[in-house]
Amino acid sequence: MKAVTFGEVMLRLASPGHLRLSQTSVLEMTFGGGEANVAVSLALLGDEAAFVTRLPKNDVAEACVQRLRGLGVDTRSILRGGERIGIYFLESGASQRASTVTYDRAHSAISGISPADLKWETILQGADWFHFTGITPALSDPAAQAALEGARAAKKLGMTVSCDLNFRKKLWSREKAGQVMGVLMEHVDICIANEEDAEMVFGIKASGTEVTSGKIDHGRYVEVATKLTERFKFKGVAITLRESFSASHNGWSGLYFTGGKAHFSRRYDVQIVDRVGGGDSFAAGLIYALGKKKGPQEAIEFAAAASCLKHSISGDFNLIKLSEVEGLLGGDGSGRVQR
Amino acid sequence: MKAVTFGEVMLRLASPGHLRLSQTSVLEMTFGGGEANVAVSLALLGDEAAFVTRLPKNDVAEACVQRLRGLGVDTRSILRGGERIGIYFLESGASQRASTVTYDRAHSAISGISPADLKWETILQGADWFHFTGITPALSDPAAQAALEGARAAKKLGMTVSCDLNFRKKLWSREKAGQVMGVLMEHVDICIANEEDAEMVFGIKASGTEVTSGKIDHGRYVEVATKLTERFKFKGVAITLRESFSASHNGWSGLYFTGGKAHFSRRYDVQIVDRVGGGDSFAAGLIYALGKKKGPQEAIEFAAAASCLKHSISGDFNLIKLSEVEGLLGGDGSGRVQR
Amino acid sequence: MKAVTFGEVMLRLASPGHLRLSQTSVLEMTFGGGEANVAVSLALLGDEAAFVTRLPKNDVAEACVQRLRGLGVDTRSILRGGERIGIYFLESGASQRASTVTYDRAHSAISGISPADLKWETILQGADWFHFTGITPALSDPAAQAALEGARAAKKLGMTVSCDLNFRKKLWSREKAGQVMGVLMEHVDICIANEEDAEMVFGIKASGTEVTSGKIDHGRYVEVATKLTERFKFKGVAITLRESFSASHNGWSGLYFTGGKAHFSRRYDVQIVDRVGGGDSFAAGLIYALGKKKGPQEAIEFAAAASCLKHSISGDFNLIKLSEVEGLLGGDGSGRVQR
Amino acid sequence: MKAVTFGEVMLRLASPGHLRLSQTSVLEMTFGGGEANVAVSLALLGDEAAFVTRLPKNDVAEACVQRLRGLGVDTRSILRGGERIGIYFLESGASQRASTVTYDRAHSAISGISPADLKWETILQGADWFHFTGITPALSDPAAQAALEGARAAKKLGMTVSCDLNFRKKLWSREKAGQVMGVLMEHVDICIANEEDAEMVFGIKASGTEVTSGKIDHGRYVEVATKLTERFKFKGVAITLRESFSASHNGWSGLYFTGGKAHFSRRYDVQIVDRVGGGDSFAAGLIYALGKKKGPQEAIEFAAAASCLKHSISGDFNLIKLSEVEGLLGGDGSGRVQR
Amino acid sequence: MKAVTFGEVMLRLASPGHLRLSQTSVLEMTFGGGEANVAVSLALLGDEAAFVTRLPKNDVAEACVQRLRGLGVDTRSILRGGERIGIYFLESGASQRASTVTYDRAHSAISGISPADLKWETILQGADWFHFTGITPALSDPAAQAALEGARAAKKLGMTVSCDLNFRKKLWSREKAGQVMGVLMEHVDICIANEEDAEMVFGIKASGTEVTSGKIDHGRYVEVATKLTERFKFKGVAITLRESFSASHNGWSGLYFTGGKAHFSRRYDVQIVDRVGGGDSFAAGLIYALGKKKGPQEAIEFAAAASCLKHSISGDFNLIKLSEVEGLLGGDGSGRVQR
Amino acid sequence: MKAVTFGEVMLRLASPGHLRLSQTSVLEMTFGGGEANVAVSLALLGDEAAFVTRLPKNDVAEACVQRLRGLGVDTRSILRGGERIGIYFLESGASQRASTVTYDRAHSAISGISPADLKWETILQGADWFHFTGITPALSDPAAQAALEGARAAKKLGMTVSCDLNFRKKLWSREKAGQVMGVLMEHVDICIANEEDAEMVFGIKASGTEVTSGKIDHGRYVEVATKLTERFKFKGVAITLRESFSASHNGWSGLYFTGGKAHFSRRYDVQIVDRVGGGDSFAAGLIYALGKKKGPQEAIEFAAAASCLKHSISGDFNLIKLSEVEGLLGGDGSGRVQR
């Protein structure tokens, strides 16, 4: 399986431990971004994965390319130009205190991309899967156009196209998102979302009100998946089911809806090391499993297990091996020392 | 609202993570102390806050002043003189292992203070609230005298005076504490304590025995608050209710007793990052809320929420913003990432 | 009480926090190994403790000797020679992700030991207890021979001999382990194990199947202890009872079987800082308590409490003081700050 | 003496030690910028100093304000608004390898300033000195306008105005610089520059060619100062004389030209810890000394000594006390331990 | 130009700053080894570079591959197998105290290589240059055999072959080195060495004695180069000329002898950050320049400049860009900040 | 040779790198003090060395004992009691900026020592050498009394007694020092000093004035040594000759005056990593060499070489091996990597 993802990768600057930005004198420097995270996951699981973006010609961007390439991602189609790499600052929360993300991503190289600079036929050659998220079209009109052209080219080549809705309210309005994403969805096979995304972008939500607080109401998620499928004729819709008890403790599972049928994964109780990138690791797990022609139940279990493990990893990237996912799928979540 | 607090601020030297002092080759250098912690909290919440103490003229003390000033605390009334800044060493425990505090605070500059050097009328000008803790009078007789003069001056100026009993058995005996604090209480409007403090300092405890282990018996706390109020004619008594399951996990809530009526806050389940300074952040929350003329229930909820969040912050200071306390009060303790 | 332990001590190189080896640019450098861990625990609890091994003449090994000596372990009988100190790399897991240990211990100095170089009569002079683990004989034939000679000499001198089975599947086969350990057991008074060790090494397991998943079945452990005692005529058999809920959260207790009777300790719920060396701290606690002539129930409670606390300490060594174990035995596992 | 400075302060992200950006996983987080550096220096030397800029409302900017305020700088006139704080990345060179600065300052809050938002009459009330650098007008037209209005207001209030030319080729062209700075110079009393600045901005350079490589040719600097004075009627011109032997070793001295006479300072041989901000510390030293009504020779000696010491300090800010500058002026550059 | 290098890459564990191994609790984890260092340099300068070695299948080796791949080295021909990656411990000296290297490289994966596993015809396809050092054949007989086969295949394919003599007295005797290297030299075009290497391996040294201590005697180096050329018919001989004044300060230049003529580079005075890998960066610079068909004087200047800059970089790898080498060649060693 | 030293050991808290105390958020935690430094040096060189002091019973002091014991120092005669361990804060200077030491040592455990608690006959049993410095008697009268009793007991036992004058102006006046030290000198065989010490304590200085600035005037030092010898009948007087060019660069050599003859060591040019403890390492080198019955020239060369190397070591302790001193004595100060 060879997958290509397209989007923004940012410099991630995190305060160490649970320090606030006003307390720290050092920032941990890594990189991350929805589509880059997916590419890294796929490469580490064993697929061929290429990541497409636009980055400036400076030492920070160079460090980013080196990190991606080191992890096995094909970076040869990355355009170089523009002024800056987007940045986000992260404070890691705990207990009742939420993690905070401060974005400094405006005017990034990718937002000033010229869609014509991407030769999608060449880039996608030999690839099976194209993936992007709702963040990319939200960055700028040219970025949206580039994503659209990528998706179209992929469909023309017979590839599978997936999109994680990932609504970001600081980047665009619900109205604009609905309009732009609506057009993009025509070229999408597999839609990944959470209940909030669907409502924010497409106004799709479950009927009635959430009655059982603290407990996931499976029916509501099936309803959302069904409506999404009906509107856009997706081959599959995947939804992450996060129960946020606190910044330190979450419940985690997933739903994959396909062929009119809902498949729920096992539910995990997770102690959180870092939840940023959790959704991306879910998307990657799903793509990996579907790319390996696993059935829907197997696929959603794989996605949930891979992303469950992500929560124990610092940084956006899910640095987990296939054998570790398989171990958890096989039932071993005991955390016994592996000697 | 403008508040003035008076007491000792110490150099806090903590081993990183959960390391023991014998394991570490570096110590994390911050500053803290009951009344300084309250001043910082108030300044960050948006009040004007001044902190009064005595510090030596050296580079360590200068670093302390810079930190306080940076956080918005008015440090202009700090006396400079004496030989040393008090120090405490901290090992952060986990699970069944308790955190340990090793004090090295004897002979600190404030213990050798000359009460006459503090011109309280000037210092308190324009202020609404005066706060100190039971640690200050325990440091030395001159420090106790200075606290007394501060409280008297505050009352004369029509200010509200609060005191956190904070009994420290290594600093003085129960007898001496009872005698000195008894005199000070005459000038105190709001008394902050925990059940143990009241018993240690004034011999006030609930009748009968604690029957329900592991569960807070609300009635006993009301009894203690009632007795304190009766003895000292306090306008209000606030008590923190900590359930210490382990060094990693506590229950947390508070009681505010005023006008013959007990107001209990919501109870929080906290995963602990650092609980030193938790009581001070509660006092600050209460002062802030009462200073804003919030009612007793609202005030105790604010104090509990602010101090709940403190447990997620490293260091003595409660580096939390008003909007974060309000978010938790509004019901969001889910720890979802704030983007 | 004076104890002598014999085995390998390794350089332990751990990634910080929960980082993976591929993420980190620094490794935390400490030392550890079953028998060295026991010696350190005993020395810190107040016993005289000597550790015997073979280490190369280089700066890394010298740092190891300095650390052991600093902690109060008598290092004068350590042989110096050979080429390298064994190494293990450690990644600390969290939640469903297990910690991983990557060994690089082949060809270590102790594996090339000449048994005749150890003058056991001199080394053991004045000692009361000899301890080794199943790792030592697994390292090489000469190491096994040295352990055997040590145990024989200890028995001849009337000392108590204990052995922690500690089966390591990467070092030898079950067949070889059974044969070599069988011979060694003839000289052993106190056998320490877990259910898996007994089965792996001697094929001893409880009858029937584990029915109640997630809950420790006490009867099965008693059965294993009984069978071990019958086969080898041990004075006592101690078994650790670990419930691995996740890499972050375990249940912990122990069983001591002696005189035909099983003594179970109190069970602890532990939040894990570092569980490597947990079994060794249990062995040390048991040896300490038995050496102090405590009864079997008191001894297993001491061993369980000491090793419960180990889980809150970073590194192999259980850097806990006697007073802390006694505090926990006295019922204080509340983690309240010790001022 | 009370001084006000106006300009941009940036987040400075430096790799530790001499690491390249591609090697490091952490960045040291401090703040700096020409005019902020001057304000900090003046505050630490004992003057009153206020810094004026525009910063966004986010946690990074808040940390910056806290740092400035902690160091004694009056931050009350800082405007809050805009999207981002400028950033620069720093790699510290050594030997023949130069330090590199990667700017990411476009679109910063100050570049989008509305000049009318700065009420200069209020801001400058009670102040004696106004300082800015050539970087501020280079940021954007509104920033240039704001600097112009500040300088005009200062002159109207009878204050002294100083400007450090500080030409930055990445921010604007020589042509634009010459034109904008030419207008600004009409309001400037003291011009600070280096030979290159004068040539880049105003085309002013010494006649003939630099003959003695490796040795400062004093005459050429006097010529430049004379020409600058002639063109703009400055009261004084100060020029830094840096001899760059390598990234680790520089010669350092200064010239102050006033009343038609050149005053050269003593020359220092410096081992470099961090040379960024060296020029700003020179400007601050000069302003401090002239503000204290020191004569020209004394002033240039003070400026050179203060900035000599800056080279031993990490970060943009010159964290040096008056007593240390005076010690060096008094002849003690021996570096003997001060106990 | 495409180059292939073959040899060992080790885990490098260095104490931070100038700490001794007995002082540190962390080790800086990087990777290095003569031939890997050359491959990295070439990739960063812009050549295609592949590195061939044998590494075990574990997480430490995986981190090594990721680092090399990230830096642009083609790692696809690396064999995976064997038990361990070689390790070296480094203490960084200063002033009169030398840096120390403690090797722990015995039994590494590459020493147990099966020469037949390397399909040199495939590996070298499309390559122009093959490089190895005298360390590779010193590791083991199979490693020597593999190097020989590589060199032979390269010659057969018409490639240029270079070898850095790099005598390591702890790996083999002078006798064995002379014999094995003598055979290898038959396939070598470009020999890189220092005076000591030539004497240790081949007994080739200058006549007479070194008279001018502290000053490089150029004539002696020419004599050695001449003798080496005569014996082995090299196309070129390059020798590094290091003047070791102290661990902090060296002189550095190089000689390239070809066509009967000696070309000496400019001499650099270097303040040392890290000199390990200095020789390798010289070899890489030479290979790069000769591969670009530069003349002998230009080539030795390039090699000397590139390796001069290496001394300012932490770690084995010379993380220097082409533009930086060219800048130094152009005469700018002033270390002025690059903005 | 077995040596016993008596004095204070302090917690040393140093800011990392060249950071100022106001910049750092961590402090490096080591231990040091004149006599402890000497004991550590001797133990590492191969002598038996015991250190006598008084330390409180707390975790910080325990860490200190562990460090000393780990380095091979006999700590069994250390008294435990009192309230605190002395502390000093260190900022490491560079270039013209001096390192600064901020003491916080008043009220330390040793200052409150009861001289009678030290059983000198037992402590000194089997020892050959007793060493103390002028700091010990300066701490308090009881500490002076204890030093006196130690020196007397040592003389009675036929041991050699050495004293490093080490005048500390913050601890006592010149008058008091002269009086107390005068009495102590009666029991001293070897006096170690610098020119300033002799003048400060005993008013002994060279006649005339220092004419050649920047160059050591050997004659003046001989004159001081001669006068000291005449007054106190010392067997030998050793003086360190430090040329303080800057905080980064010193000249270093020594003089040993005995039998009416002056022996000057070779002079070293040192790049400074840490000069604190330099004098102590000189004293230790001298004691070691004299204890090994080396002649005066050999002894002063050894002392100078050992202490030259100390300047390259972080921390008070001279972590240098005998072989390294011998290497430097043998002429190798080239700093070439030792592989």
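Per-chain residue numbering starts at 1, and chain names A, B, C, D, E and F are given in the order in which the chains are listed.
FYI, a contact is a pair of C-beta atoms (placed from the backbone, for glycine too) under 8 Å apart; a residue touches a chain by one contact, two chains touch by 3 or more.
All values derive from a computational prediction rather than experimental measurement.
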| item | value |
| --- | --- |
| Third chains touching both chain E and chain B | A, C, D, F |
| Target chain F, source chain B, minimum contact steps | 1 |
| Classification of the chain E:chain F interface as same or different, half of numbers criterion | different |
| Cα superposition of chain C on its sequence copy chain F - rotation in ° rounded to nearest 5 | 180 |
| Per Cα centroids, the chain farthest from chain C | D |
| Identity of the chain that, by mean CA position, is farthest from chain A | F |
| Mean-CA-position distance for chain E and chain A (Å) | 43 |
| Chain C and chain D: spacing of chain centres that average the CA atoms, whole Å | 62 |
| Contacts with two or more other chains, residues of chain A listed in rising order | 17, 20, 22-25, 66, 100 |
| Of chain B, residues touching chain D in the complex | 66-67, 69-72 |
| Touch list for chain A against partner chain C, complex | 17, 268-273, 308-309, 311-315, 319-320, 324, 327-328, 332-339 |
| Touching residues on chain B, where the partner in the complex is chain C | 17-20, 22-23, 93-101, 103, 168, 170, 244-249, 275-276 |
| In the complex, chain C residues that touch chain E | 13, 16, 20-22, 24-30, 58-60, 62-63, 66, 83-84, 87, 89, 91, 100, 102, 104, 106-107 |
